[in-house]
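Per-chain residue numbering starts at 1, and chain names A, B, C, D, E and F are given in the order in which the chains are listed.
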């Protein structure tokens, strides 16, 4: 049940290492398209420094506002290549995560954090190269008083995430690929990139998307009318 | 009519190349002041990377939420030195623009994009040096199903923009100069910069704005009272 | 009285130079914790460039929306090592501060600005290395028509700040230390850093926070239940 | 020029009394549709009490943040049947309008206010039955220090409004009809209402929009697939 | 898969009529507590008129920004006692629903709508007594160009909702009860109400929650210190 | 110290009953003006039902996000005529207060609540006539795990409030009057109302504020220029 507290699942099934490695080659926008335009977290999730990039299997965390206890519980569940993903029981922007936890996560093999709350020690995290996507940066500290859960399904920034799913994050935001679809999506992303490379070449040479994609007829059917210049349009409008 | 769909005007009058070149020398804040403190877009319009700067003549785009079709139509209208400016029929933060369209825009001579929605592929755009000002960054893709317009007057981030107007954008935001005022505003900006250079020198030497601008009398008339220290103020307040 | 207009206090007591120098060694998050988790400004206050850092004694400014007159009055009150802090009588995001005022502030010894409104000329400020924390960046200029106050207590971004208090600001936000507590807080911050250094070492070596902080019993008492894997949890849930 | 200060135009051309009377029969949503889905102000503009409704010719006001001086200037320009519409030079939510100004506006024949800022004395305004649409309610008072303009074109909540245009406002928000289009739009609204009345009858009888509007083929072409039940869909998905 | 387009499932399993009837007796806050503090939609979902109340089985709708086509498809799936619930592929606040659709929904037996977008014709909906919970009210019309899905799992305002789940909505917001838990939650809600009635009586008689719930010891352990008056506290603080 | 946890002060000095009774006669906007335009809480604080009105002496509460324990502690401190006012250590919109606490508060003589978080059971509170001003309505429940403080100075919605201060709240928002100023402000409010009554009469008779307040000269000095009609302005502008 989404949002149940008091559960910590030690071992979960994860997407395969190969499929994670495949997906790591592509950006968030490409993977979102390759999945059929699904899987994105809300765009308020932003990297704490430009150029941040991470791809890993999710250890999911469910936490309460102003309380970061479950991040410590999650540290123990992290395996090399995991990315921690935290959702909350209600809207919160406290600084639940800083350089100490990042040190611990890294020591366990964790490759990043996606947190629907805030983080702090951002200068240190940038220096460490530990990537975090969050809704805010906030020096505000938290208590450790109320248990949530680790490795149960969560909703983070409007997306449903299961433990073991693949999470890819970069400058464009964060996308989640269900573990069962990882290989298939990686293949679709590869096909999409190939196709885009060909299109990019044509566009760079000055060809128009209108022609590359064959849109002219559809635009006409959809009602677009061309006018040579402003005078021509005004003449038509004034009729 | 603002917001009419289905119109694409091929050729529009533009501000002169010289006036654009003149305006390109000044920052957004200076031009806004030189115009008489008008012309700014809302401050939620931010560059996708620091140091972005663009100045060009507007090709205007009117689009619907979640639909980027008109950006392809606009590519054909772009002439060297143009900047694309997109307004929407209602609030939207989808990623309507990415590196493929940027490749196409650049091939046509486009120098940037101002979009009252979101863009994606931001790492690639930064690498390309293609500047974009947007309300958000978002991996979310869009459909091509409903026509809007190109080269009709639009409202973008609260500002009225006509095709051919000069749009200047930098780290401070975006400002629009009506094409008929371009030369006059460039001249006023030049005068302002000269004046500011002189003031800057005096301020750098430790003179106060109060004296440079002669504000002391006006402050007294407006009711400002000086107290030597906190004790003096408390004595007065406690009377 | 918070929010009274028309007062300019020339000289105020300030935290000692030594305590400011001590506090300057620590980050915002550390000082906030060292104070007992108080003193932070709201997290919407962000630096205008990454890596900005400032620590100084507050010259406080109370201003009205769209009016930056009091920043000029404040320039005269600035002493070397001061940081200007501005609160407003109501929500405003106009660009009240730019490179000319920064030039003046720097000439007077000012080390930065914290402004619950916007600033502009941000590229120039970045080039100058003059750090500003603000709620927005906005090219919008302001008038000089209505007086506020300088060096009276203000509320800035939800925090109460007295003239002479120590204000520390970095990538994590802004924190204020009441002048009377400056030495004590610096000492507590030092102790905290020492303790964190020891913990960091252990975490980096792979020890878990659960063990370092001795949390396992408390988690059990708070109701956290561990399951070996998803199957074990489902078996329990399905009972 | 949008946003120019210092102008007060005493007499402006207005939409005809008949066309205003015609438009007053229809709701905001209907008129917006009748115009071709244009003309709406941003949806953050809300009535201060449910059931508020107004339709009148616009006296436009351009004001600065925290300054309500121009509302007094506008009172003199109001003619019976006018609705005052205020835009600002930058984002502001101060309480610029209260029951005294409403008393004055009513005495001059004004029928309401649309203000891209806040109003106060809302209990009194409700008792008076003086309708206001605003972005906020706020007790905050304002100064009278800086001039704006009256009866020049403005942008209010993202819409361009000329003096004399027809402004219709109800529980759904606010729409503006350019004076030149008033009669035409009223006629289109009448046709739309007639058509809707017929459709409403059929829908009330249990007919489906799918059939009334003949959508089934288009949905199939657009790719919608029907499944008898969840099992059928899962069988298909699992193939 | 959450967010897949192009699916319309005609018949879905629903929570039993009895359990819906039981749940209809309780408010949103009570049911949320009875479930173990889970199941709430984000608090930005507000009723369009005070006193609105609905409880029904969900027909789920997945729609794209600015496109209300799927609401027409959903009308056909509605059975008496159903409540329509709409999530979108990205953030949108267009007026997707008005009195015509409400007429159709009511004719099919629909008892309300929960929409993570906007609705319009709110005065008519209030007069009809057709309750809607939405993120905004907006006269803005939509197109019918892109298919989404009906009766697939959706995320609406941050909550996961399956077709057939029970959705309860009132002045406090919206909560969803998974169909499998409906009977159990109704029973827990009943127990909670009984318990609350007893507590209410004691509190109304002047007893304190501190005593009714036996909190005094826990507060002391958690570190709360009582002081007789401000002087006593200051004496302690000044030590 | 603002934001210190763990303190509960049993008895505090309060503004006199007479001054509270005097202040209760006036609305929020009037009192804010009578104080010299200070004392307002941020306008996001809204009553949970229209027409809500309260005036009382503040029992202040400092609480942590998602934790309503201190509201129970505060119930014991309430004396007849008190209004509870709650600030938080960080931004939070959980439903900390409902009808049970309202029953308890009322039994102790409490007259209302101002909470910089959310409340729930709003239908019941409306039926009880127990007024609440909050930043949101939210069914979300809270824990009782971390202590805050009662009857220490707090910041609530951007305003500094001491225990015993007078808090007045109505449809326009919330204002706080420091206890030492209560009598003086009540007298100023009375004078202001008298003056406004006289002005209202003149405005109702059709006199203009321009004349009643003698603004015409000041407007001219401030640069306002009148034009007879649009043609006259265009002639001037086109010169």
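Note that in this section a residue touches a chain if its C-beta (ideal position, glycine included) is under 8 Å from a C-beta of that chain, and two chains touch if they have at least 3 such contacts.
The shown structure was predicted, so the numbers you read here are calculated from the model rather than taken from an experiment.
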| item | value |
| --- | --- |
| Reference chain F; chain at largest CA-centroid distance | A |
| Centroid-based (C-alpha) most distant chain relative to chain D | C |
| Same or different residue numbers at the chain A/chain F copy interface, by half rule | same |
| Chain centre separation (chain A, chain D; CA means) in Å | 38 |
| Centre-of-Cα separation between chain F and chain C, whole angstrom | 27 |
| Numbers and ranges of chain A residues touching at least 2 other chains | 1, 5, 37, 40, 43, 89, 91, 93, 138, 140, 145-146 |
| Touching chain combinations (by label order) | A-B, A-C, A-E, A-F, B-C, B-D, B-E, C-D, C-F, D-E, D-F, E-F |
| Chain A residues touching chain F - in the complex, by the definition given at the top | 64-67, 89-94, 138, 140, 143, 145-146 |
| Contact set on chain E toward chain D in their complex | 1, 5-13, 49, 69, 72-73, 75-76, 93, 95, 98-101, 103-104, 106-108, 118, 120-124, 126, 136-141, 144-147, 151-152, 163 |
| Residues on chain B engaged by chain D in the complex (per definition of touch) | 1-5, 36-40, 42-43, 89-91, 155, 158-160, 178, 181 |
| Chain D to chain E touching residues, read off their complex | 27-29, 32-33, 37, 40, 43, 46, 50-51, 170-173, 175, 196, 199-200, 203-206, 208-210, 213, 215, 218-219, 222-230, 232-233, 237 |
